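Pasting a structure here, questions to come.
Which chain is which? They are A, B, C, D and E, in the order written, and residues in each are numbered from 1.
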Amino acid sequence: MPILEARAVSKAYGGFLALDNVNLTVEPGEIRALIGPNGAGKSTLIDVLSGRARGHAGQVFFQDAEITPLAPWARRLKGLARSFQKTSIFPALSVRAQLELAARKAEAGGDVGETLAEFGLEGVAERPAGAIGYGDQRRLDLALALTGRPSLLLLDEPAAGLSFEESMKLAKALREMANRRGVTVLLVEHDMEVVFAIADTITVLQLGKVLAEGPPAQVRADPRVVQAYLGSAA
Amino acid sequence: MLIQILNGLVYGTFLFAMASGLALMFGLRRIVNFAHGALYMLGAYFGYTAAKLAGFWGGLLVAALGLAVLGVALDILVFRPLRGRDPLTTLLVTFGLALISEDFIQTFWGNDTHSFAEPALLSGVVQLPGTTFPIYRLAIVAFGILVAGGLAFWLTRSKVGLYVRAASHDPVIAAVQGVDTDRLSALVVGVGAALAGMAGVVAAPILSISPAMAADILVDSFIVVVIGGLGSLGGAFAAALILGQINVLGVVFLPELTALLPFLLMMAVLIWRPTGLAGSRV
Amino acid sequence: MNAHAPVLAFEGVDAFYGAAHILHGVSFQVRAGESVAILGRNGVGKTTIVNTLLGIARHGAGAIRFHDRAIERPRPYQAARAGIGVALQGRKLFPNLSVRENLMLGAASNRAGAWTLDGVFDLFPVLRERAEAPGTALSGGQQQMLAIGRALMANPDLLVLDEPSEGLAPVIVDELAAVFGALNAKGTALLLIEQNLSLVERVSRRFAVLAKGRVVEEGSLDGIDRTSLQRHIAI
Amino acid sequence: PAYAQSGPVKIGVATSLTGPYADLGEEVKRAVTFAAKEAAAKGTLKGRTVQYEFADAETDPEVARRASEKLVLGGYKLLVGLISSAQGLAVGGQLEKWDALYLATINKSNKLTADACNTRMFRANHSDAMDMAVIGPWLKSRPEKDWVIMAADYAWGRDSAEEFTKAAKVAGKNLKASYFAPIGTKDYAPHIQQIKDQKAQGMWVAISGRDAINFGVQADQFGLLKTIFPVSQSFAVPLTIKGMGPIAEGIWGIINYSDGLDTPANKAFVAAWKKEFNRDPANFEAETYVGMQLLFAAVAKAGSDEPEKVAKALEGLSLDDTIFGKVTMRAQDHQLIMPNYMGKVGKVGAELKPVIEMAVDGSIATPAPDPSCKMK
Amino acid sequence: MNRGAFVKGVLMALAAMALGWVASKTVASALVMTLLAQSCFYALFALGVGLLIRQNGMVSFGHAAFFGLPGYLIGIGLKQTDIPIELLIPLVVLAVTTFAFLVGLVFVRVHGIAFGMLTLAIGQAVYEASTRLRGLTGGHDGLTIKFPRELFGLPLKTFQQPHGMFLIAWCVLVIVVTLVIWLAHSRLGRLTEAIRENEERAGFLGYRTLWPRAVIFAISAATTAAGGVLFALYNAYISPETVYWTSSGSALIMAVLGGSVAPWGPVLGSMVYFFLKEALGDVTTHWLGIIGISLIVVTVSFPQGLSGLAMRLLGLGARRRHADS
């Protein structure tokens, strides 16, 4: 039984169809990568799943219950968390204060000290988040989503802006979470090293439609995917 | 009733002329300028004094130039150093400036109310079907439309306009593209102040001038700008025209509520569209 | 243009945000027609180099020379007019301007040259398609293209790119590599800040590694393999 | 009396030194200083000097209350000078607590001498009711048949409209419509248009201050003043006449005072005033001046400046030869009985001024005390 | 907030109240006392405005409505009903708070200056009502409130004499300030601060964002209303000018002058403003200009307001720890 399911989801911006009848099923505990050319609709899909985008057609199910009409906060309370492609943090609050805030609503409590250490944010814990470096902000964004180990994580390009080493650390951490705690991850990512290193299944979107889906090796070899997306990274 | 619609148009264009400078400054500097009414008042008084020597047109010119200079000074001496500070700080500082100018006016021109005759060229009435209408009021419509058209042309067709819109969103990033944002904002604040000053002179033949006139128009200007969507001139124009008609309709049909109607309209618009008529883009 | 004259030189530059001392005596050079990569982990001060050049971060000791002239108190618009084009990290587009207007703004420094609106549209056709859309109604990657396109519109002598491949599909990164190569060939100097080493390898010949606000390593990319480069950065 | 006091008589002048009423505040200042100087010269106070202190009451009743309280606590317990009736009322309620006295010379609201009346509050100027008392007799003499009302949309404007409606009925006039505009209305065009459409012959205007000037100027631009006969309560007073300029000429209205009043006291007053200030006295200046004369007379009569005693002395106090002739402070409601006038704006020399055409004796001009006034 | 801090807060509040008691016993001048008492009313007024700025990042141009409504409601309630004053006062505060909460649910969706204009609209609506419903409110002439001879077991005189009122107002002020400080450190306080910074992300962390903001709006209205109740008790008179927008404007100035670094900033701001204006009014009619200049000087030179300055002088340096790393 899938943990997350999108049925026939469509979303238009004005006259432009960003998602066109997309079906997606994610099994518990898996790491699913969502890739595709720029503008394919990946972030839009994440937005629909997390409740940020409104006014779409189709239905979204989470742990077998329909969540289509739910607001973001209600989805989060059910255990569905997300990060943002464009960092979304609380600039005037200290790093620690906002992680505390995140921890308070998290089902598993979430130890702030641990999170700070895990994301290498101890050094900037007391600073207002607006005055820390871009990379730190990206990690904070991620930490806000991961605090308290929600059961499903929607991550929009978590490795963007991270150094190679950091990206790999992140990949490892995600893999570990999925393996040990059964956290399900749906991630959008353009860093193929990360994707191929951790994804169980890859879904490829193009022009708002699913172009291909399958295990990494299969997708990597798909000539349509190579041509539309992977290029020399194949 | 047609005449009443015309009256609404006069009032609407007048509101726009009055508020355009505010919209412009907010657009570029994100400044909530509580001194806007003061600029309008200073324009009227400068014009009043100059008109005694050089007639209405001389007064208008002096008000425009005088206020432009004042606007540039305001930008350089006040707004620029406050860049990046809490918007509440500028709000308070401009409020302080408003108090100072009121005191200034009282000290040099006294507390009396003065009237200001329209230019001979525009005095008198025209014959309309069934009634007469003051020529000067038609001139106000022309002035309002001229300001709106001029600003629209300037801001959408010229490079400066593009720069203004960019700098309004993020002056630093605009500067990184090669826009001299300091000069640009001095220009815009100068133009905004000049418009406020001219509006003061243009309004004077209808609304007498006195030290209280600044406070009188401040709230109205803000209503126009907020309904229109902050910083949007197009929105402000639409809002002003709507308010003009609402005012007339209110006087004729809902006289009990005329004073509240602009506020009610504002509430309705903001609840329907929290960013105002044209606000989605800001 | 003299291929060996440095277009940009940092000479022992210190930089600050408020009282926070970020860069400590940073030195490096970029010559005409050359691409230099600045590498380093997150938060070491790479972006601060750009911000210092533009006058956004406060410039302390040391000299910054552009075309052999010292920039004393850099102001953002002067940098642009002097010929520095920048694609900033985080894109920094104007949501209230259309795609086309965002690009036209890139030409605000009034420098003539090969890059025009059509040239950028040819490079990123999707931008032409969405030319009238607001700048931020684009996907993340499309926004990145717009940011790069905008920097190109300035026809700069020095193009500064702060993590240009962030959020871009691999195929687009391939295209960028080709574009940057061509720019280099035409004499434009490139300062490339990147985490994506495959792009760095394809575009740059020299690199400098930054750690805690200091240049700790400098050298040529020729004959260095990926893993040893990664090791350099990780120090 | 045995314990006759010495030292100066302390007068607290809480008035509008800033804000929209500051021009009236100026008038109060002039009148008080003039009257004090005159009293000193004439020895009205039997050797005692007058000391007065100003405090800014702005436009707000609350500020007025605060300013007055400050004066009282500083020993200035005889208060004058408040501009708006609301200010007067706000202070009125506190007088007993403060052991102070307030003499109104500008507040016109009937309330001061009706339900809000009290032992410590007096009025030396014309009340609204007194103004309206002039209208009835006058309206009968007018040929205009159809009338409209244009009034400010607040208490005074509404009351005035109501009174005029009554007077019009009694006089057999036909009232076609009443229009009200909020205070601070900028554009009167929609009102003016409606008035034009009514094609009435006469117009009762109850708008004051700056609004009056704006309405007048705009009505003239629309050509309204040429086709209708405008009459006003305080639409055409010296301040507004100055603001309106030539268009004010010919506007009729109630006149509370004119420098042309034909009494010996007035002639002397006007001459002295001109010498002092190089301008003609205006209506509130004259009324405040009379008020001050009364106050000084009461202090003299009481032989004390203790508010309670002065209040007692004021009750029923008559002055025989003021600029208005004989005036009496009515004990029942503390309203000064004085004549009132009707006239129109006309040229006196080169200047536009209200010119009296009809005088109404104090006995008629001052309606009987309001039954709701219960002194305590 | 932990127990130690709680105890410390209570002790400080008690000490402050004791200080007020000593002041009321030792200062003989009624003038000083009346000014102090009145400045307490405005301090509460500004505290409400400042609270809204600090927690919600929202600037109100219409709080005068919440300051004036209690007076009107009490005055009308006493005239039209038989509700005893001891019950009427809490009822009125509750009514104002509920009204603000409901209005807040709609208004807090709107941001920035537009929110300010919405509150201005409410303020003007109350103003219009106060001038038009003459039968109830006395219109422009204002409403004299007829209090009974005795309230809460104390003679009315106690409430209307400077010394008595000062002590009462001071204690109310101290209690409210304590509560406001406590609120700032409470969960709701921290949450609303986060929502102020990034409403969307707070939602994605599982928080509802609408009602906490509306609750803050209601609390801020209640704070201001407390000032309004005292104001009404002392003056026994209320007029439309009290609910006019310029009155909201003064409170906003006081709040911003005080700064929002410390929750009690607005108290300091209002006291300084009130006394400055009083003092200037005595010496010059140019107080407008002088206030204007002072306003500019203070806001420009002390970005964190007078409370920021005070904390710096006292070496409390609240935000210092951010600056030195």
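Heads up, the rule we're going with is that a contact is a pair of C-beta atoms (placed from the backbone, for glycine too) under 8 Å apart; a residue touches a chain by one contact, two chains touch by 3 or more.
These numbers come from a predicted model, not from an experiment.
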{"item": "Where chain D and chain E overlap in contact partners, by chain label", "value": "B"}
{"item": "Interchain contact steps from chain A to chain D (minimum; 1 if touching)", "value": "2"}
{"item": "Pair of chains joined by more contacts [C-beta pairs], B-E or B-C", "value": "B-E"}
{"item": "Remotest chain, chain B as reference, centres from CA atoms", "value": "A"}
{"item": "Farthest-lying chain, centroid of Cα atoms versus that of chain C", "value": "D"}
{"item": "Distance between the centres, which are taken as Cα means, of chain E and chain C, whole angstrom", "value": "51"}
{"item": "Centre distance in Å when chain A and chain B are each reduced to the mean of their C-alpha atoms", "value": "48"}
{"item": "Averaged-CA centre spacing for the pair chain D and chain C, given as whole angstrom", "value": "76"}
{"item": "Averaged-CA centre spacing for the pair chain D and chain B, given as whole angstrom", "value": "37"}
{"item": "Per-residue multi-chain contacts in chain E, two or more chains", "value": "288, 325"}
{"item": "For chain C, residues contacting two or more additional chains", "value": "none"}
{"item": "For chain D, residues that touch 2 or more chains besides their own", "value": "18"}
{"item": "Residues of chain E touching chain B in the complex", "value": "53, 59, 106, 109-114, 117-118, 120-121, 124-125, 128, 132, 245-246, 249, 253, 256-257, 286, 288-289, 291-296, 299-300, 303"}
{"item": "Interface residues, chain B side, partner chain D - complex", "value": "3-4, 7-8, 10-11, 14, 106, 110-115, 117-118, 125, 131-134, 136-137, 205-208, 210-212, 216-217, 220, 247-248, 251-252, 255, 258-259"}
{"item": "Residues on chain E engaged by chain A in the complex (per definition of touch)", "value": "187, 190-191, 193-194, 197-198, 200-209, 321-322, 325"}
{"item": "Chain B partner contacts - residues on chain D that touch it in the complex", "value": "18-20, 22-23, 26, 153, 179-182, 184-187, 189-191, 193-194, 196, 209-210, 213-214, 217-218, 221-223, 239-240, 242-245"}
{"item": "List of chain C residues in touch with chain A within their complex", "value": "17, 40-43, 47, 89-90, 126, 137-142, 144-145, 163, 166-174, 195-198, 230, 233-234"}
